[in-house]
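Labels for the chains are A, B, C, D, E, F, G and H, by order of writing; each one numbers its residues from 1.
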Amino acid sequence: MLIGEYRHTLDPKKRLSLPSKWRKEMGKKLVITRGLDNCLFVYPLKEWQKITEKIGQLPLGQADTRGFNRFFLSGAVEVEVDSVGRILVPDFLKDFAALDTKTVLAGVHDRVEIWDEKQWDDYKHKVEQQADALAEKLGDVGVL
Amino acid sequence: MLIGEYRHTLDPKKRLSLPSKWRKEMGKKLVITRGLDNCLFVYPLKEWQKITEKIGQLPLGQADTRGFNRFFLSGAVEVEVDSVGRILVPDFLKDFAALDTKTVLAGVHDRVEIWDEKQWDDYKHKVEQQADALAEKLGDVGVL
Amino acid sequence: MLIGEYRHTLDPKKRLSLPSKWRKEMGKKLVITRGLDNCLFVYPLKEWQKITEKIGQLPLGQADTRGFNRFFLSGAVEVEVDSVGRILVPDFLKDFAALDTKTVLAGVHDRVEIWDEKQWDDYKHKVEQQADALAEKLGDVGVL
Amino acid sequence: MLIGEYRHTLDPKKRLSLPSKWRKEMGKKLVITRGLDNCLFVYPLKEWQKITEKIGQLPLGQADTRGFNRFFLSGAVEVEVDSVGRILVPDFLKDFAALDTKTVLAGVHDRVEIWDEKQWDDYKHKVEQQADALAEKLGDVGVL
Amino acid sequence: MLIGEYRHTLDPKKRLSLPSKWRKEMGKKLVITRGLDNCLFVYPLKEWQKITEKIGQLPLGQADTRGFNRFFLSGAVEVEVDSVGRILVPDFLKDFAALDTKTVLAGVHDRVEIWDEKQWDDYKHKVEQQADALAEKLGDVGVL
Amino acid sequence: MLIGEYRHTLDPKKRLSLPSKWRKEMGKKLVITRGLDNCLFVYPLKEWQKITEKIGQLPLGQADTRGFNRFFLSGAVEVEVDSVGRILVPDFLKDFAALDTKTVLAGVHDRVEIWDEKQWDDYKHKVEQQADALAEKLGDVGVL
Amino acid sequence: MLIGEYRHTLDPKKRLSLPSKWRKEMGKKLVITRGLDNCLFVYPLKEWQKITEKIGQLPLGQADTRGFNRFFLSGAVEVEVDSVGRILVPDFLKDFAALDTKTVLAGVHDRVEIWDEKQWDDYKHKVEQQADALAEKLGDVGVL
Amino acid sequence: MLIGEYRHTLDPKKRLSLPSKWRKEMGKKLVITRGLDNCLFVYPLKEWQKITEKIGQLPLGQADTRGFNRFFLSGAVEVEVDSVGRILVPDFLKDFAALDTKTVLAGVHDRVEIWDEKQWDDYKHKVEQQADALAEKLGDVGVL
C-alpha cells in the first residue's frame, strides 16, 4: 500500500531514500517521469505498465493527446533502487519539479509523488479546506 | 455488519475502544484516514483494498481527482487493534476531525466513522428531518 | 411471501408479534431500522444483506448519499425473534416512528413495515385513490 | 394460455368459478390483489413470483414506487382453488373492485382479471375503437 | 413460409379454407384474434407463443399497454383446422373485421391475416404507391 | 458472389435467363417479390430466410411497418429455376416493375434485382455522378 | 501488407502489373470495382468478402444505401492475375476512372487503389498539407 | 519500453542509429511512415499491425478518413535494422519531416518518432508549459 506522506532530504548527489514501508511494494526497478501539478511521478514497474497501456489507447488523432503522451512518455526514465533504498533523481527531472533539498514523498495508491516540501504544504492545506466540495463535484459527474 | 452507533471516550493517550460487536468483522489491522464531513473514516483492510481499487480508477487528467486522491490516500495510516480492542488515533487526524474526549463511532456498512459527539448529534438530527427528501433526490437520479 | 397487512398491538414492554404466516420466511434474526414515510423497516437477514450491498455501492462523493447511508445504517439494530414470535422494538425507533399501542404490519415483498395504525389508514386511503396515476408515472419513466 | 373472456356469476358466498380451460394452467394456489383500472388481478403462483421479483427491483428512494408497492403487495392475499374450481374473493377486494354478481374474467397472458361486467363492456368498447391508435403510440416509443 | 395472397370464400357456416401451401407450416392448432387495421390475425401456435411472450413484457404501469393487451389477448380464441383444411371464424371476430363472403388471406411471415376483399384491395393499392416512402421512413429511424 | 450487371431478354412466355456465373450461388429455388425503386427483388432461399427473419422483428405497433411487411411479404412468390437456368416472372410482378422485353439483372450481394433496361441506365448514370456524396452521407451517419 | 505507392504503366491491352511485393498477399483472384474519389478499388478475395459482408448489413430502407450498394456491387468484376503478375482492367472501369497510360497503385491496408497519375499527385499534395487537420477532425469525432 | 528521448545524427548516407536500449524491443523490421506534427512515425512490426488493424476499421464513407488512410498507409515503407543498429531513412520521408543532420528520437510507448532537433526542442518547451492544462482537457472529455 503506497499511502501516507514522508519528509526526506535530497542529498548533494541527488539521491533520495524511499520510506522503508514502501520498499517491498515498490521493488527494485522504478520509472520516474514528469508529473502533473509540478511534481514527479514514480511508478513501480508493474504499475507503469498498466498506466502506459491505458495511455497507449489514447486517440492518435488529437494534438492534445499526442502532446500529453510526449510529455509523459518521452520524459520517463527507468531507475534502480540501490542497496540502501535510494534512487537517483535525473537532473532534468529535478529541474522540472524545482526540487531543492527538502522534499515530500506522498503515496497515492499506485504511484509515489515527489514534491518540493513548501509546494506540498501549500497544496495540502488547500485540499483539506476543499475536500467536501471536491468530493461533491466528483460525485456529481459520477466518478466517485 | 458494521451498523449502529456507539458513544465512546477518547482516552488521554488518544486510544479509542471499538464496539465489541464489530471486532470480529473489523479484524486486527485497520486503515484510518481523513474523511468527508469532518469525521475520520476507518476501514477494515479488505474494504480499504476495495475502495482504493475504485479510487485508483479515477481519471488521472483532472486536477480535482488528483486533489481528492492526495487528500484521501496520503492522509491514510495503517493502525493495529490492541489486545483489549483499542486503536490509537494519530495526532494529525485527531486535529483534522476536531476530536475532544466524547466521540461517536457510527457504522456505515463497509466503514466506521469517528465523529466528535456534538457534531454527530447535530448532523443526525438534520438527516432524520430530511430523510424522505434525501431518498427522493437519490431516487430521481436513479441511485437508490 | 411477505404480503398482506396485519393489525397487532405493541405491548407495554414494546414487544410486537409477527404474523404467523411470515415467521418461517422471516427467520429468527431480523434487522430493524429507520424507514421512509415515518415507519420502521424490518428485514430478514438475507434481504438486509442484499439491500446493504446495494446501498454500499452508492457514490461516496455526494453528501446526500452519505446522509442517507448514515440515516439508514447507523440507525439499524439486529433483533431476535423470541420463542412466541415476538420482537422487541428499541425505544429510539419507537420514538422515531411515533408508535403507540395500535400498529399495522405491512408486507412489501422483501421487507415488513411497522406503522402507527392511524397513519397507515390515512396513507392507504390516499394510495388507493391514486394507484392508476402512480402506475402511469412509473410506466412513463420505464420502471414499471 | 390465459386468453379469452368469460362471464361468470359471483355467488352469494362470494365464490367465483374459474373457466375450465384455464384450470390446469392456473394450478391450485393463486394470489389475488388490488389491480389497476378498478379490477382485480389474479396470478398463478409462478407468475406472481415473477412479477414481485420485478417489482422488488423498483427503486426504494421514490415515494411513488413505495406507494405502488404498498398498494399492490400489502393488498395481496393467497387463495386456494376448491375442488369444483372456485375461488373465494375477500370482502375488501370485492369492495375495491365494486363487484356485484355479474363479473367478467379476462385472460391477459400471465394474469386473469376480474371485472364488474358493466365496467368491462364499457372499457372493451372503448379499446376496440382505439386499438390502431394505441398500437401506434406503443410503436412510437418502441415498446411494441 | 407464410407469404403471398389468396382469395377464398367464407362459407355460410363461417368456415374458411387455408391455402394448401401453408397447411404444413400452420399445423393443426391456431390462435385467431382481433388484429390491427380492421383485419384478423391468425397465428400458428408456436408463433403465438413468441408474440405473447413479447407482449407479456410490455410495461404494466401504462394504461395504453394494458388496453392493448386486453384488446389482443382477451379477444383471442384457439381454433382447430378440420380434416379438409378449414377453420371456423367466431362470430364476434367476423363482426369485428366486417367480413362478408369474399375474403383475402395474406401471408406476412409469422402470421396470416384475414381481410374483407374490398378493404384489402384498397389497402394494397395505397401501399404499393407508398412503398419507397414507407421504406425510407423506416430506414430513417433505423428499423429497416 | 452476386455482383455485376447483365442484360437479358424477357421472352414472350415471361421467362428470364439467370447469368450462368450466378447459378450455383442462387440454387434451384428463389423468392421473387415487389422491390423498392420500381424493380423486383430476387433472393436465394437462404438469403430470403435471413431478410424475413430481420423483417419479422419490425415493430408490430406501427402502421408503417405493417404496411411495408404486407407490401414485401404478401407480394412474394416462390419460383423454381428450370433446367436451362430460367425463371418465370409472374404477371402481377411484371406489371409492378413495368418490365418490357429488355431487362437488366443487377447483383447486389445478397439479392438480384430485375430492372427495365431504360430505367436502370437512367438510375445508374445518376448514381455514378453522386457516389462520393452518397458515401459521405452514409459516413456521416455512421453506416459506412 | 498493402502499403506504399507504385507508378506503373497501363499497356495498350489494358493490362497492369501489380508490384511484386504485394503479389503473395493479393493472391490470384481479385475483385475490381468503381471506387470513391474517381479511382478504382481492388480487393483480394478475402478482403472483398469482409467488405461486402459489412455493406450487406447496410439498411435496406434508405434510398441512399441502395444507391451506394448498386454503385459498388453491380460495378464489381472478378479478375485473375496472369502468370507474370498482371491484371486486365475492364473498359467500363478504365473509363470510369479516366485512366490513361500512367497510373499509380496505392496500398491502403486492405485494398489497392488505381489512380490516374496526375490526379493522384494533386490529391497527395493536398492531403500532405492537411494531414494534422484531418487527424484532428477524426480525433474530435472519436474515430482515430 | 519505448520511452525517453535521444539525440542522434543522421549520417550523409541518411542512416540513423537506434538507441541501444530500444533495439531488442524494436526487432529487426520496422515500418516508417509520414507522421503527424511534421515528424516521422516508426513502428515495430507488431505495433504496426495493431495500428493498421485499427485504422482499417475507419469508416470507408468519409472523404476525411480515406484521405488520412492514404497519407498514412501509402506513405509507409518497411525498413530493416542493419547489423550495427541503423535504419535508412527514405528520401521522400526525410524531405517530408524536413530533417537535417541533428535529430531527436522520442519514445512514445508503441512507436518512436524522429524529429528535427530544433523543432522538437520548441515543441517540448511548449508542452511542458501546458501539461496540466492538456491533462485537464483530456480529463474533461474522459480520455485520461
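Note that a contact is a pair of C-beta atoms (placed from the backbone, for glycine too) under 8 Å apart; a residue touches a chain by one contact, two chains touch by 3 or more.
Owing to the predicted nature of the structure, the values given are computational and were not obtained by experimental measurement.
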- Query: Tell me, which chains sit next to both chain B and chain C?
  - Reply: A, D
- Which neighbours does chain B have in common with chain E? C, D
- Query: Rounded to the nearest whole Å, what is the centre-to-centre distance of chain D and chain G, using the mean of the C-alpha atoms as each centre?
  - Reply: 64
- Task: List the centre-to-centre spacing of chain D and chain F in whole Å, with centres computed as mean CA coordinates.
- Result: 49
- Message: Taking the mean of the CA coordinates per chain, how far is chain D from chain E in Å?
- Response: 27
- Task: Could you tell me which residues belong to chain A and also touch two or more other chains?
- Result: 36-37, 59-60, 63, 65, 132, 135, 137-138, 143-144
- Message: With touch defined as at the top, which chains are paired up in contact here?
- Response: A-B, A-C, A-G, A-H, B-C, B-D, B-H, C-D, C-E, D-E, D-F, E-F, E-G, F-G, F-H, G-H
- Query: Tell me, which parts of chain G touch chain E in their complex?
  - Reply: 59-63, 65
- Query: Which of the residues in chain C come into contact with chain B in the complex?
  - Reply: 31, 33-34, 36-37, 48, 52, 55-56, 58-60, 63-71, 73-78, 96
- Note on the structure: Residue set of chain C touching chain D in the complex reads 1-5, 36-37, 51, 106-110, 113, 123-124, 127-128, 130-132, 134-135, 137-138, 143-144
- Item | Residues of chain H defined as touching chain B within the complex | 132, 135-140, 142-144
